[in-house]
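See the structures that follow.
Look at the two complexes coming up: subunit A is in both, with subunit B in one and subunit C in the other.
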Partner chain A sequence: MSAIRLILISLIAAVFMVSPLNAAAQIEIDITKGNLEPVPIAVPNFISSDVRAQEIGKNIAEVVRNDLERSGLFDALDPASFIETQTNIDYEPTFADWRVIKADALVSGRIVMESSNRIRVEYRLWDIFRGEQLSGLRFATTTDNWRRIAHKVADSIYEKLTGETGYFDSRIVFVDETGPKTNRRKRLAIMDQDGANPQYLLTGSDIVVTPRYSPDTQKITYMSYESVIPQIYLLDIETGRRELLGNFPGMTFAPRFSPDGRNMVLSLVKKGNSDIYSMDMVSRSTTRLTSSPAIDVSASYSPNGRQIVFNSDRGGSPQLYVMNANGSNSKRISFGDGRYTAPVWSPRGDKIAFVKSQKGRYSIGVMNPDGSGERLLTESYLDESPTWSPNGRVIMFNRETRGARGTSEVWSVDLTGQNLRKVPTPGKASDPAWSPILP
Partner chain B sequence: MNIKTTITAGLAAVLLAACATTPEPEPVKEEPVEVVEAPVEVVPPSEPEALPPTIPTQPYTGPVPGSAEDFAYQAGGDSRVYFGYDRYELSAEARDALRKQAEWLKLYAEVTAVIEGNADERGTREYNLALGARRAESVKDFLVSQGVASSRLTTVSYGKERPIDGRSNEEGWSRNRNGHTNLISGTIG
Partner chain C sequence: MKFGWPISLFGHLALAFGGLLILSNPLDSEPQKLIVPVDLLTVDELTNIKAAIKAETPTDTPPMTLETPMENAPEEGETSDAVRETETLTTEIELVPDETAETINVPDETETDKPAFNLDQMSALINRTRDAQPEKNQQRSLQSEQNVYAFAELARAQSGEGTAMTISELEALQSAMYKCWRIPLDAKNPEELGVRVKVKLRRNGDVQMVELLDKPRINTSSNPYLKIAAQRAVSAVSKCAPYDFLPLEKYSMWQEMTLNFVPEV
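After this line comes the complex of A and B, so read on.
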């Protein structure tokens, strides 16, 4: 095991273990940001003998640096400070040259043109302190697919050095917003997790909300005001085909897939009352899971599919509850002061993210599935719609600002409450939902 | 026309009466006339006073009866009723307005409406959609209790997606927490 990996693992362990084990423990707001020392890593532009490939090599290195830097765990060093310029990555680098600029790790990469539209991307990851190679990988792809390869390289570096799976080769579906607050147009859009490649998806309405990815990343479910009674729809990203999910007499909303993609949970309104149902994605038959006269919304499966966390005001104020996937054995898990809404189960299974409002301010928080270990990660006028990165390390959410000229932005924060960053979007954006790692 | 006919008839009757009866003249009795000197009192006329202005014959300037504008006008100036924070029960004021809405809806039986439930921006999207559904149902239930056929009313929740006031203060929020009776068909004008 490398020295760097040891450092990163201990950093992550320290971060994960700070949550108190006692359910009755005090709630803490983590305001210490950036107190972890990011690991300095050097990522020179990937080399090539081909002029066109040199450009790709430069772009790939830039995306890798950006991914690693944005994770908050790495400090991507400025290429202007590099002393050594490698001409062949099959030779060991001059470690002393990299030690001088205080790099702990080095990524040396190469692009080989295989044909006019195919490239081979190779890279080696070096531990500068120990003077040894940690990994060496090769990817082949089409030239216009270089960006995904860059994310895959960044994921493999992240995985090698942290021991955790990466999350860079993934996408975000979100709601693009235009127009003033009292006349907002909302449409669906997807982009890479770093904000690149935004594309708009066609839907039949000016108001679409709460999009979510299917586990196979090919489909998106969302709620739309396309018909008089708003309903949930399913959209195929490749074909653009969209389909009404069920045909209910009342409004359906808050859809979310089960982790295996075979079911969906949703809320259905009957006589003004919202209850949670599951829907079989093949037969489209529905099963009622809650039957309280209270609001029951925002259902989200545990990663093993056996439990569901949801939001209900059956106790007088909105709180979080966990029940079995068949609706049995529901019990309240949130007990702090304030109102709890919008729970989402982490893909790791160990945490539930939620929105908490207290004294007119909103926070994104996390707690253990039994309700213990509550931590608030953010606070603003309005933070909502949390979504987990595929590895359960990062939470993206929607932040709105006050007033008639208020805007809506997408932000991300670490599970630890550190590394709060704005995610670039083409315009006003809301309701981000992270895809699983792309196939 | 009527007046003219009456007058003509009246005149004819008088003329006829004059022709038919000519009474004998009675003998005149001569009486001596006594002259009394008396001071003549002169009463000056009052200063002229202006008459009060004539009552104008005004055209009706209110909304066209049976129109959506008329509905709002008759319901007290607003087709929305307002709710408290995270509440969906109707205030006394909202009930008053809804009674007037119901009266109007009973008068114009062809009109159908969508009751839209709205929430302010505070709170998460899905919870607010559920809250808006409750508000819309509260309004519908009350209108039905006042005799409006339930088949004429559908409900929809816009949650916090359709604010009418962009301000992020108590005034703006309280305007955005509403149930809107949106007339969709059968109105006049």
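After this line comes the complex of A and C, so read on.
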């Protein structure tokens, strides 16, 4: 009996010893390749029991679809292809119906009229294949503010599905141009990032260039050729109040805010030599950061404010350099053929955008802050003035065409070089500057 | 007898010398064998011949559909802001586990007090089997020979013994995943966005379960892209279903898999 017991114990022990081996024999596969196709998303018109709100719901859905589509990351499906018509967004959608039309995600929204001029906008984002809700949000606003709500809805969808913050609820300040190339009139204007709601910020008697947003989105610096010597101004968008930022004897160029808004970097020309200076926005005192006999211009802070990228011809031709925010430890980062100008550090910190001119053609390019991984995203007769979207994924820039009848337009391109699109503007436009996300 | 002692001495010396001669030579040992390395192969690496008798395809229960109404969004207070802060609309959908998918016999509560193993009982069972009439057992076996073969083939098909996933079958699975997986190459530092997923499949190729294997790392990570990468990996598994292109006879091989979603930078 004891021998049998021993055998049984051995058998049981053997079973337990073998089990992990069986588990280890499970198939394990590496999936290393995938697709970069836009994510198919269904955005039906937001529903409402009120006729007026139904119109707003239709408009909001359209803006959301356009925002997502223009990002290049989403394919907004045609509403005509939808099978299910939801009547209550508080119930789960019929996922099978949305799988049939190959939607990966669904946005179901509702408008509730709170009063005659106030609406409540609610939406739910569904993952069709996992069959679960990814987010559900509610916004309330006045009826005439529906467009901003639409951008906010698009931002939250974008964030939920990509992991990065959206950029749709932001604005572009740009220079509106009228007249022939030889006698252009340049006025400061502002519009939503999708080209909607364009407005002039200044009456337009003076010529302005290089507008730049402050981090709080309330102020804009720009250079004005109002007098013989160009000067830097600060404009409060809300109040319209304009202020001259110091009275410098020489030329001043390319002002740009630090990420915390306390300082500004700019180029000042003294005794015929252009160097980079920082300016304290409270005391208005300036500190010299570079002191080379070369032309040092186009400074831009890193998002953490510790470093500055700028353009200098100290090596013979214009190239990009990075230095500490106090001007120390300057190091060249661009070594390719051609001329590198107008560097702008990405808000997410991983790239620097620049303009490269070579053999009479201009390109917008990106490189890592250490100079590695240079990639050219565009090429044309003249591409210049790159500006980053608030999330660091899209670059907007100015494109000019050749000849006396040549035009000036604003274009955008994805960080990957895909999704090159013209940004609608009222007329000829240049020098775009992208705002941070609006509060 | 005068020569007795010398003869004895000579004889002993001869014996000793003869012994030395014999023992000084090594004994004939076994001829030294060459060590030939032998690769151990299992049958399933040599052949993929399928079972002669095909087992009936067991049917799976249809996938569960949810028709649970969500809780209505809570009411909110008035604010005077032009654009009020966003509020999260909550859903409380209780996912009911699909009990029909796999039948698990739950023992009665009254039996739970019994010990898991009673070795005495098991020994007695073995003894009884040993004492049973061998002729009777043999007759039974012969009578049900047909059933035994069928059962053996079914068991073989179910266990996948004698079969292995071929490279082309694995590649088909990879290709399918490539089409369904939105690779996070456009995210920041994509090389840090690898995700491991455990997948359980039903016989008909439907997904029974998808589980992230490194959930703690993903949940505690401050990298927002990692959460999305995990979300996309899980979605890709669901999106690619049904996996009905996988050979049924090898179900045991693919019913449970680990997929490593590692973007190739």
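The rule we apply is simple: the second predicted complex is superposed on the first by the 401 of 439 C-alpha atoms of A that agree within 3 Å, B and C clash if a C-alpha of one lies under 4 Å from a C-alpha of the other, contacts with A are read in each partner's own complex, and residues count from 1 in each chain.
The definition used in the following text is that a residue touches a chain if its C-beta (ideal position, glycine included) is under 8 Å from a C-beta of that chain, and two chains touch if they have at least 3 such contacts.
Because the structure is predicted, anything quoted here is derived from the model rather than measured.
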{"item": "Subunit B versus subunit C as contact partner of A:297, first or second or both or neither", "value": "first"}
{"item": "Touching partner for A:148 - first (subunit B), second (subunit C), both, neither", "value": "second"}
{"item": "First, second, both or neither for A:431, with subunit B first and subunit C second", "value": "first"}
{"item": "Subunit B versus subunit C as contact partner of A:274, first or second or both or neither", "value": "first"}
{"item": "Touching partner for A:332 - first (subunit B), second (subunit C), both, neither", "value": "neither"}
{"item": "Contacts of A:180 with subunit B and subunit C, given as first, second, both or neither", "value": "first"}
{"item": "Subunit B versus subunit C as contact partner of A:262, first or second or both or neither", "value": "neither"}
{"item": "First (subunit B), second (subunit C), both or neither touched by A:355", "value": "first"}
{"item": "Subunit B - residues contacting subunit A, complex", "value": "86, 88, 114, 121-127, 129-131, 133-134, 136-138, 140-141, 154-159, 161-168, 172"}
{"item": "Residues on subunit A engaged by subunit C in the complex (per definition of touch)", "value": "1, 4-5, 8-9, 12, 26-37, 39, 73, 90-92, 104, 122-124, 127, 129-142, 145, 148-149, 152, 156, 161-164, 348, 350, 393, 414-416"}
{"item": "Sites on subunit A touched by subunit B in the complex", "value": "180-182, 184, 186, 207, 209-210, 223, 225, 228-230, 250-251, 253-254, 267, 269, 271-274, 295-298, 311, 317-318, 339, 341-342, 355, 357, 360, 362, 381-382, 384-385, 400, 402-406, 431"}
{"item": "Complex interface listing, subunit C residues touching subunit A", "value": "66-73, 76, 79, 82-84, 86-91, 93, 117, 119, 122-123, 126-127, 165, 170, 173-174, 177-179, 181-189, 224-229, 231, 234-236, 238-239, 253-254, 256-264"}
